[in-house]
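Consider the two complexes below, in which chain A is the common component and chain B and chain C are the respective partners.
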Partner chain A sequence: MNKPNIVIVHGAICGGCDVALANSEEAISKILENLDLAYWSVAVDSRLSDLKSLGKIDVAVFMGGVRTSEDEELAKWLREKSKILVAFGSCSAYGGIPGLAALTSPIELINLVKSTITTSSQYKSIIELPKLPELSTYRALPHVVNVDIVVPGCPPPIKVVNEFVNVLLKYIAGEEPIGPLVIAGSKAQCETCPRKPKDLSKLQIPSIKRIYEAKIEENRCFLEQGILCLGPVTREGCEHSCINVNMPCTGCFGPLPGFEDVGLRYIAGILALVAVEREKELMEQGLAKILDKLVDRLGVLYRYTLPRSRLYMLKLSLEGSEYAR
Partner chain B sequence: MQGKNLVVEPVTRIEGEARVIITLDDAGKVNNVYYQVLELRGFEAFCRGRLVEEMPRISQTICGVCSIPHHMASAKAVDMLFGRKPTETAIKVRELVHYIYMIDDHLLHLAVMALADLLAERSSELRGLVDVVKRYPEVIKKLITARSITTSIIKKICGKIIHVPIAIPGGVSRKLSKEDLEFIEKSLRELRGHLQYTLDLFKNTLSKSRRLQELARREDYELKTYYMGLVSEDGSLSFYDGVLRVVDYKGSEVATFKPEEYTKYIAEHYEEWSYSKFPYLTIIGWQGLEEGGVVRVGPLARLNVCSKVPAEWALNEYKEMLEFFGGEKVVNNTLAYHWARLIENVYALEVVEKMMIEHRDLLSTGEVVNLEGTPRYEGIGVVEAARGVLIHHYKSDSNFLVTDVNIITPTAINNAAINTQLKKIALKSWTRLLLNEDLTNLISELEVAIRAFDPCNSCATHIAGSRLIRVFIYDSHGNLLKVI
Partner chain C sequence: MNLDSWEPKIVAFLCKWCSGAAAELAGVSRLLYSPNVIPIIVPCSGRVDPDLIVEAFMNGADGVIVAGCHTPSDCHYIAGNFKAFKRVYMLKKLLSDFGIEPERLKLEWVSAVESQKLKTLFDEFTSTIRKLGPLRVKIRGGSV
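For the complex of A and B:
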């Protein structure tokens, strides 16, 4: 009997998603038992030509963002050939941290990399070699093609990886994908947070503090301490792994359903909380003063989701980019 | 263009996308080899403007395999930028995590990348992890168990295994609980036996496998390069802190400097044909991709530069390795990287065991963070990642927003050496490349060498991509003959 096949393919990756998958013995053994692992360059020596020679693909798992022309071509090819396409990890799903480069043009990016502190200026090419793949406009996978399953996390934790494989096996057994399905909770982190204040509606935020300025108290809501935490706008499902070691959530599980733009939602919510019972201060100093500690808004609010933000779409449309939506 | 080109792409079982290009002359003989790294994510660019204190969390996503050393190098750079000395507790917690990471990463490399090369009786017999799982299920099972111990210690302390959140300017986010300590102590006792197993496995294989012995003695796998690594003040093998030492291929000291002085000693060369830069030693100068001018880092380099291995078990194992390779102080054979990794595992375990006895109280009591210090607005942090010396260098404005970032990774430092190694193998032994059988064997030999370095191209260019090498063959007129 022929098993359905699975391929695991990379865009712009760090490798953490591969390790996350490999770290789950349960997931790997279920995959090897039920599926034919036809391509995963980490674990099986295979070349792109081996991938391209596959007539059909049942499951394609895409890790990483779409950075080069080759990534884009591969993503489109996979969509065409595959029954189920999976965006695995936050880079693939939302853009991830390298997505912060989305507002920098490829040429600027290369020039900045070439011009760091220790780069020698006199470079020359020894020989004319095949060209490097061109950097293209950075995008998350769902911006390039439709996906069926989204597995969030930077990288996805073992529990989520296992759940993903279980969902996959159901699909293979005949259940139709009702995608795009996100392997995470649909509520905010705060709902299940071990530090959830008794009455969430009475939460107040004192003046905002940056992490380098504060001794963070264990077991107390970060927002109550003035430390920005993205819990209120981020999907649950990570089991509060950062919060449990006394660090605030930075949003790697992506936006809550129905709110694609994390930053806008956060600003709206936080403004209200910061302003509670501070109307007088607000009138005297202005809102900007109260929020002046909210610096690097892109890096704080859109750390994993900039390529899916309205801001980015606006930039693309102002540039007349073919990728604008 | 002179010569024909042969391109191997992607190289399998390495981190990050790369390809090999082989150029042939008119007679079809190899005249050059290039190792080309293909993607770029541009951390140096988009880290500008970020909050300095967030850099340990952001910059570590350069690499999901060695995120912990990035996290630690970044933390050290940030400490210095804020002018803060981390508390004793914080230093010990960071060191503990870092040393356990070292074992974890080396075990991962062994299981996923190296085993297929080591256990194969013939070249290309085992095509990666999946074949090893089929042929040697018990070996993989052991390694999985060993890694489940190291990953569970990391998760216990850091909350996550990959892209951890604990380091902050001047400290760590939390100290260890009694329960954490007990868990770690129990785990370490189990780990001992597993590390013994990996060493026995390696040594048994080496003593039985003719192929491996041949490779370990082959002259074209010998590379007479400089070596660089971190050593503590007294010259001991060190992974988290110390000074950088450079030795030549015979072991004579060429330079020793503080991490903060690295810009005087290390510069980066850029070639248009690779997204990875080519760091080199300024005291030697950029001499192109030539054996005598390049520097290597990583497990073998660390053992070659240090003057002491202050741990009983590791020292015995190290002596055995030196003896095998002829008894000289410095080992130049590229395949010795595999052995060095296993010795370092034992060393890391012994260091952590000692720490758990001597600093048990410190790990669970005391201040986690020091908020005092005079900011310098510039900071440099250096640690040893599994693959070698890793440098993070940041500058900031007065509001602690990043204005400048330079990250030099071990694979970037090894980039020139990898190129040089491949050229040496291909030029030495291969003349009739267009015969298919020869070609397959050559590619396999090149890949074996590349994987010995354990390159991480995600790191090298802070890039991305699949981890396969493609081989491209070009003829003497620049026409592409073949892609494999």
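For the complex of A and C:
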């Protein structure tokens, strides 16, 4: 068989990306038609040893973040062996939801597990724990190795998966990969958002509300209603699956080209607009109180991108981490 | 790092119209202020992007001051100082989320005639940073 082969490998992942890939009939049938599926532990019967025995790999799709020493080793090995390496899904591309745990050190996590273990002490000596891969500092895949294609989304929507497979087939046909190619638009969500504010140049955010506090009107900009929506700083291309069901964008498509830190950009651009008409009267009695309504700062501003943020890089470099950039 | 010879490095973003003018006045009046502070004049305190502050920290600053015109109505651009307030307030919160002392970032209003206030601000902030020591993150958890 002379088909080029493809391997689909996991790091720290929930499994949603596998479903997203399998769910897209067009994409999966194109993959099976044009490529030899050599390894995909959740879909075909294959072991890690089968993967390691492959001489060459044409396409490697990495899903999930880099959480353990095993993930890191695998990612580096794949970069060495494969022609095209794909970061599939937000965890892989930007860190994703598990990336929120990056601020808790591996040592702290292990201590927590050890201190709250429920097995009574008399059995402690009997139970032999299996040898687990070591927890390492959580990183997104592009932080560990260079990637050729980035497929964002949590999970990537069908349209994006199809687009990705088309790009992939072009590359296989002989086109050279040009840098990390992100399968998403390069404009903000707001450009294509069906909800438009009354006057974009005078966008007003009266206060900050949490979702349960507000009766969210349909067809009206979330920011105007005081709901923090990450649309202004997020790439478009997801067809607004959250916005269409009356939920604000949480930013799974990652930062727009030109900056890496979604949170800082959001503070500079959008949070500075909060209560913009009442600043003078509020300054004395509680402009800060309005901002305090944003309780879960990391969860809102960095839900999918914390391990790629500049503040995280600053933290790593101050810790003297070998992964600092 | 040798702590005996360590000197705090502080970046101060001063707005052109008030705090920057106060710095000029401090110079003309021959007020001595702490040499650890590097003043940078920007058009408006509302122009200081949180990115710039993080950039300063990433390049070795131990503390950052943002100074602008007095609220509510001194700002040359009407409402730039409010924007600065919101950005610095949120960034302080974020810094503490990431384990960096929020005291390392200070926002102050200084008008064009308050050169003495600026001098006191610089001196007091330098001694605060001197007490806090070099920029570091709180490492939680200890050893296994």
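The definition used in the following text is that the second predicted complex is superposed on the first by the 294 of 325 C-alpha atoms of A that agree within 3 Å, B and C clash if a C-alpha of one lies under 4 Å from a C-alpha of the other, contacts with A are read in each partner's own complex, and residues count from 1 in each chain.
Basically, a contact is a pair of C-beta atoms (placed from the backbone, for glycine too) under 8 Å apart; a residue touches a chain by one contact, two chains touch by 3 or more.
Keep in mind the model is a prediction, meaning the values are calculated, not measured.
Model built by superposing both complexes on chain A: chain B and chain C fit together without a clash.
When the two complexes are overlaid on their common chain A, residue A:23 makes contact with chain B while staying clear of chain C. In the superposition on chain A, A:314 makes contact with chain C only, not with chain B.
In the superposition on chain A, contact is made by A:110 with both chain B and chain C. Once the two complexes are overlaid on the shared chain, A:298 sits against chain B and chain C alike. Residue by residue along chain A, chain B and chain C are tallied for touches, and B comes out ahead.
Applying the stated contact rule after C-alpha superposition, one finds that A:14 touches chain B and leaves chain C untouched. When the shared chain is aligned, no partner comes close enough to touch A:172: not chain B, not chain C.
Contact with neither chain B nor chain C is seen for A:54 once the two complexes are overlaid on the shared chain.
Of the two partner chains, chain C is the only one that A:279 touches; chain B does not reach it. After superposing both complexes on chain A, the closest C-alpha pair between chain B and chain C lies 10 Å apart.
For the contact definition in use here, the residues of chain A common to its chain B contact set and its chain C contact set are 104, 108, 110, 298. Here chain C touches chain A in the complex through residues 46, 49-51, 54, 57-58, 71-73, 79, 82-83, 85-87, 89-91, 93-95, 97-100, 135-137, 139-144, going by the rule given at the top. Across the interface of their complex, chain C is touched by residues 103-105, 107-108, 110-111, 259, 261, 263-265, 267-268, 271-272, 274, 276, 279-280, 283-284, 287-288, 291, 294, 297-298, 301, 310-315, 317-319 of chain A. Against chain A, in their complex, chain B makes its touches with residues 1, 5, 7, 9-10, 12-13, 15-17, 21, 23, 32, 34, 36, 38-46, 48-54, 57-58, 61-65, 67, 82, 108, 112, 116, 124, 127-131, 133, 144, 147-148, 151, 157-163, 165-166, 168-170, 173-174, 262-263, 266-275, 277, 279, 286, 288-289, 369, 371, 393, 399-401, 404-406, 408, 456, 458, 461, 463-468, 470, 472, 474, 478, 480, 483-484.
Of all residues in chain A, those touching chain B in their complex are 9-20, 22-23, 25, 32, 37, 41-49, 64-65, 67-68, 71, 96-98, 100-101, 104, 108-110, 112-114, 116-120, 123-130, 132-133, 135, 154-155, 157, 210-213, 215-216, 218, 241-247, 250, 252, 295-296, 298-300, 303.
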